[in-house]
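One chain, chain A, appears in both complexes that follow, with chain B as partner in the first and chain C in the second.
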Partner chain A sequence: MNTAVNILSLGIPFSVALLIASLGEMFNQRSGVFNLGCEGIMAMGAFLGMLVPYSVGHGGPTAEIYNVLGLLLAMGVGALFGTLFGLVVVTFRAPEGIAGIGLQMFGVGVAGTLFRHFIGGTQSVIGIDRTPIPLLSAIPIIGPIFFSHNVVVYLAFLFVPLSWYILFKTPWGLRVRAVGTNPRAADSIGINVNRVRYQALAVGGALAGLAGAYLSLCQAKMFSDGIIAGRGFIAVALVYFGHWHPVKIMGGALLFSLAQSLQLAIQGQGIAFPYEFAVMLPYVLVIVVLAFSRESQLLGPSALGKPFNREKRI
Partner chain B sequence: MHKITSLRMEHITKRFPGTLACDDITLSVGEGEILALVGENGAGKTTLMNILMGLYQSDEGRILINGEEVRFKSPNDAFSAGLGMVHQQYMLVSNMTVTENIALGYKAAWSALKLDLAKVRARIVEISDKYGLAVDPDAYIWQLSVGEQQRVELVKTLCLGARFLILDEPTSALTPQETDELIVLLKRMKRELSIIFISHKLQEVKNLCDNLLILRHGAVVYEGKTADHSMADIAALMTGHEVELPVNEEEACSGAVVLDIRDLDVKSDRGFLALDGFNLAVRCGEIVGLAGVSGNGQRELAEAINGLRRVERGQILFYGEDLANKSPHHIIDSGMGYIPEERNTEGIVPSFSLKENLILKDTEREEFSNHHFLKNKAIEENATELRVKFDIRSPNTSVAAGSLSGGNIQKVILAREISRKPKFLLAVYPIRGLDLGAAEFIHKQLLEKRREGVGILLISEELDEILDLSDRVAVIFKGKIQQILDRKDANRRKLGILMAGVGDDQAL
Partner chain C sequence: MTKHFKLIYKITIIALAIAAAMGAGSIILLSIGADVAKTYLVILLEPLKSTLQISEVLLRAIPLSIIALGISVAYRSGIINIGAEGQMMMGILGTTMVALSLPTLPKVILIPLAILTGALFGGAWGFIAGILRAKLQVSELLSTVMLNYIAAQFYTFMLRGPFLDPAEKTLGGAGTPQSMRLTRNLWLTRFIPRTRLHTGLFIALALAAFIYFLLWKTDFGYKMRASGASGRAARYGGISVAWYLVVSMVISGAFAGIAGAIEVAGVHRRALEGITAGYGFSGIVVALFGGLSPIGIIPASFFFGLLIVGSDMTQRLVGVPANMINVLQGIIILVIVATKMILADPYLAERVWRWYQRRCTVRAEVEA
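The block that comes next holds the complex of A and B.
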């Protein structure tokens, strides 16, 4: 019983970086652009997020402010790089797959280099600590699983209904969905396709940056070269897995991270099971689920990956 | 929001690199008038309308609405002036509802945090009542038929405030019944607004339009009353020469059955049975026209015959041999000729040269290859000969086939298929999107093959094409043969009713 509670209460915070990043990627893809560079933006977010509290913070009553500044900086730079990605793939119509891989390598490389220059070695920060919700966190079982996390975790799960509302109930969401499915139709009634795609990419970038900063500030409380560890790519896969719908994407993120915390538990309990296979478990799970989930062409963004060019017919 | 009582485009000239798309065109439309704009592909109709809608800027000339000059820098300017266009390809987002599609352009319902769908719905109801256009606001676009989608397009354009309509080939995807309904509707609508009607189909132009403007090579060749000219005259003015589409008038042939399709079941991409117990037989020296609204199993039939789609059940007997689930290679070798629906993606390899496309099916034959090395000289000679024989207009035989016009691409495919001396020809929408000159050529070639004793299955939505060429007409509806008629019994009305899925008994 105790082990089960532990697996669940660990799994939920594990899912947060994936959840935030893949909600961002969902906006990208709904607008018709897929950003494989998510991993790179997350790496930069992770470094910048901890740089602020590391260089000026050091505890004290103002620490919280520097943490928030770190998160905001990560989001701002993420949005900037989302926009730059837009310049490459929306304006110059470069192939999105290649441009995304470029952005991934660039982001990871720059974050690592700046890290060695400004910080150097393994340095930890106080980071953002857990804020158990009064009363609710005292409930047995449910309390530790759902109500004993840090603020960003609560925020991330609030993003799920929020992004659903934005996508399906606001004019902006309507425009995003339209330019991702039939950009020519959107163009014909006076919607600026490329502008909407830029906006979606900026939102997606900001969320990727935030996801990265979550890893360094809330989860690891430090930065290292491999901190993102492929989560950016998993996030892209989760968007397909979740059929571009926030709730299903949340399901995917939870499934993956519960598998992750299960494999940690297997290792931690000293069960005689080769740990190499345990580590593989979550990734194998994603591949298996993706292989068996049917793509729903009717509802997804059918113009995904196709640059828009008004002058070009067919 | 006053009416648009007159619209004039004066001396419009538009140059593209190397071509003069519009050459000093003047047109005017008065209140409650329907102007037909006709011309062959590339005559400049679309460019002219794109200028009117603010998508292109004209090099010279001006536009006047109600006597005042206007300048449109973007489609938004044209909308706010009250112009609305229904494009040939519908501009609808398939995974959104009718209401959402209209909300996309209806800015009155937008606020930063909320989309007021109730307001959009009220507007839709208002417009559909006013013009008698019934639409279901909550249906998803992908659930609607082509005719319904077109109504949504009309409602959308009107909801967004159009007081002047431009319809670009609005009937090209409709059944004959839907076309008739649209024409009745437009006649009613012209009490409220003026319309520019672009079409290839001269019958509709004669039925609907008061005035006529014919373009050829970017210039106006005729302007005046529609009633003053016969359809043949209009066709001649469009093309610059007398056009006479060939008609099959010979005795029906009673040769042996060469293609015999029995109880065929084939699944569509979405997994349901697109062909469901399909039966059809074609004799040698006979053209069987398969009429039907596209999407009733025609694509799946063509693919199954050519080995491109799995047959679930049934037989495709070709000279006695069952071709069901045989490889395309085997089917080609047994003498099947195929003019596919998608000429650019299935008929040719666009980036390959003209001469390479002409031998795509014969790369292993000794005539063109020597121990797996291509014989370039033979390939060149073959192309030179076919280019002349089939009147393929291209600078040389080495140009990329994809750079040719639609009509010339179709001639390349026809040349390849016919020069292989097929025992049978399957032609799918062979003249779709082609102008009259190219259509005439292709029809003549098909009739020529028929005379030589080749069996031909012609799949088409164009009733004129079917009626002109066929010895027998079969009507397909929802994957089954609805009925097979002899040429003498077939007419537009009858076929139209059958295509809409109404059995003969119910019609009487």
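The block that comes next holds the complex of A and C.
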């Protein structure tokens, strides 16, 4: 019983980076843009997120402000690079897959370069601590699982209904879905297709940046070159797995993180199982999940990966 | 549009693209307070200052060109292989396995056998992504990335376990995860004294010729390119597109495997961590930069070999971390794909042409 509670209460914070990044990627893909550069934006977010508290705020009562500034900086830069990616794939209509790989290499490179210059070695930050919600966290079983995490965890799960509402109940959400499904029809009723795609890319970039900053500020409390470890790509796969729907994406993110915390628990029990194979598990799971969800690809936005050209005759 | 205008248009766009790439790199360099001009000069010129450095550039061009050749075959067949890094690791494991188990074989048999085993292992790793795409529509972009992570873990596992150097074992698990020094019979000859440049260079050139022949001089290559250029049209023409996707991915993986085999046999002479050193990703940039053809890939691999050796020197000479190479490669990919689309856009060229003509008439009126 205790072990189960431990696994679950570990698994939920693990899922947050995946969840936030996938929700961002969902907005990208709903608008018709496939952003494989998520990993790169996350890397930059992870570095910038910890840079602010590392360089200015060493503890004290102001530490929280610098943490928030770090998160905001990561989001801002993420939005900026989402938009710049838009320049390449929306305005210039470059193929999205290979351009995304370019953004990934760029982002990981920038994070690595700046990290070596500004920080250098393994340095930890105080980061964002857990804030158990009073009263609720005292409930047995449910308390430790759901109500004793850090603020970003609660925020991430608030993003799920919020992004559902934005996507399905607001005019902007409708526009995003319209340009991702039938850009020509959207264009004919006066929606600026490329502008909406840029907006979606900025939102997706900001969320990817936040997801990265979460990893460095809340989860690892430090930065290292391999901190993202493919989570950006897993986030993209989760969008397919979650049928481009926030709630199903949350389910996917939880499934992945529970698998991860289960694997840690198994290792903790001292069961002889090569460490490397345990680390492989989530990546194998991605391939298996993608292989068995091919029908779901039919449910995807029909203009996904197709740049829109107003001037082109059909 | 006149021919003259078209040429100037093309040159201007490419010049702007180079300026944009260098400009974007400069912003990152400025943000770490580096001397921009000096950094670029170090990266581009420093490696050309001695025979030893040039041989190091060529040494890196060998795996880069082989991997890029493989990636270009896949790309032309309509499948993007980002998994060269993992395929290369599998190739290294295959080669190491052969060399460890048959160390007494004569050189003429062992080297081809080891390289072919490397190709087989790399090809098998590529096959997984190919078959997943062909049969289950799994995006190769995601599956190859995942296979990279899986291969990396498997590679470490093999180096820490079955392939671990007996000498390291005596250290009680605290030693470096690497294999023992492989048999001399596997070593490729280093043909310039006091450098590490090895005969793998000629293997790379031979493979480039092979790919050129395969893609442009055979029926098989034509069908591959047709599947990549337009899957629907190719299927209508009776070509089994799915089959060519799988085959091209196997070839692509096999080439990455060969690159790994040659790195082991020529440079490191044992399997250890970090042999792949990002070659799998740089290979993508080399393939794109070389215009996805062997004729372009050979100079492109030299150029990126230069960038890699150059960036290794920036830390010491101008205080810029070697990770800058990733930044440059990322920018180069983004700029290449964007530039290609701009050049291929007839509407844009038309608009610029009209604008140019208007300006000409206005100027003529003013002068008259």
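In this text, the second predicted complex is superposed on the first by the 307 of 314 C-alpha atoms of A that agree within 3 Å, B and C clash if a C-alpha of one lies under 4 Å from a C-alpha of the other, contacts with A are read in each partner's own complex, and residues count from 1 in each chain.
Just so we're on the same page, contacts are C-beta pairs under 8 Å (C-beta built on N, C-alpha and C of every residue); 3 or more make two chains touch, one makes a residue touch a chain.
Just so you know, these numbers come straight off a predicted model, no measurement behind them.
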_Of chain C and chain B, partner touching more chain A residues_ = C
*asked:* Looking at A:188 after the superposition, I want to know if it touches chain B, chain C, both of them or none. Which is it: first, second, both, neither?
replied: first
*Classify the contacts of A:299 with the two partner chains as first (chain B alone), second (chain C alone), both, or neither.*
first
*Touching A:283, do we find chain B (first), chain C (second), both, or neither?*
second
*Check chain A for residues that touch chain B in one structure and chain C in the other, and list them.*
none
*Enumerate the contact residues on chain A facing chain B in the complex.*
169-171, 173-175, 177-178, 181-182, 184-191, 298-300, 302, 310, 314
*Which residues of chain C touch chain A in the complex?*
28, 31-33, 80, 82, 132, 136-139, 141-143, 145-147, 149-150, 153-154, 156-157, 160-161, 281, 284-285, 288, 319-321, 323-334, 337-338, 340-342, 345, 347
*Sort out for me which residues of chain B touch chain A in the complex.*
55, 74-76, 79, 85, 87, 89-96, 100-101, 103-105, 109-115, 142, 156, 160, 344
*Given the complex with chain C, which residues does chain A contribute to the contact?*
36, 40, 87-88, 92-95, 97-110, 112-114, 116-118, 229-230, 233, 236-237, 240, 274, 276-277, 279-280, 283-284, 286-287, 290-291, 294, 297, 309, 311-312
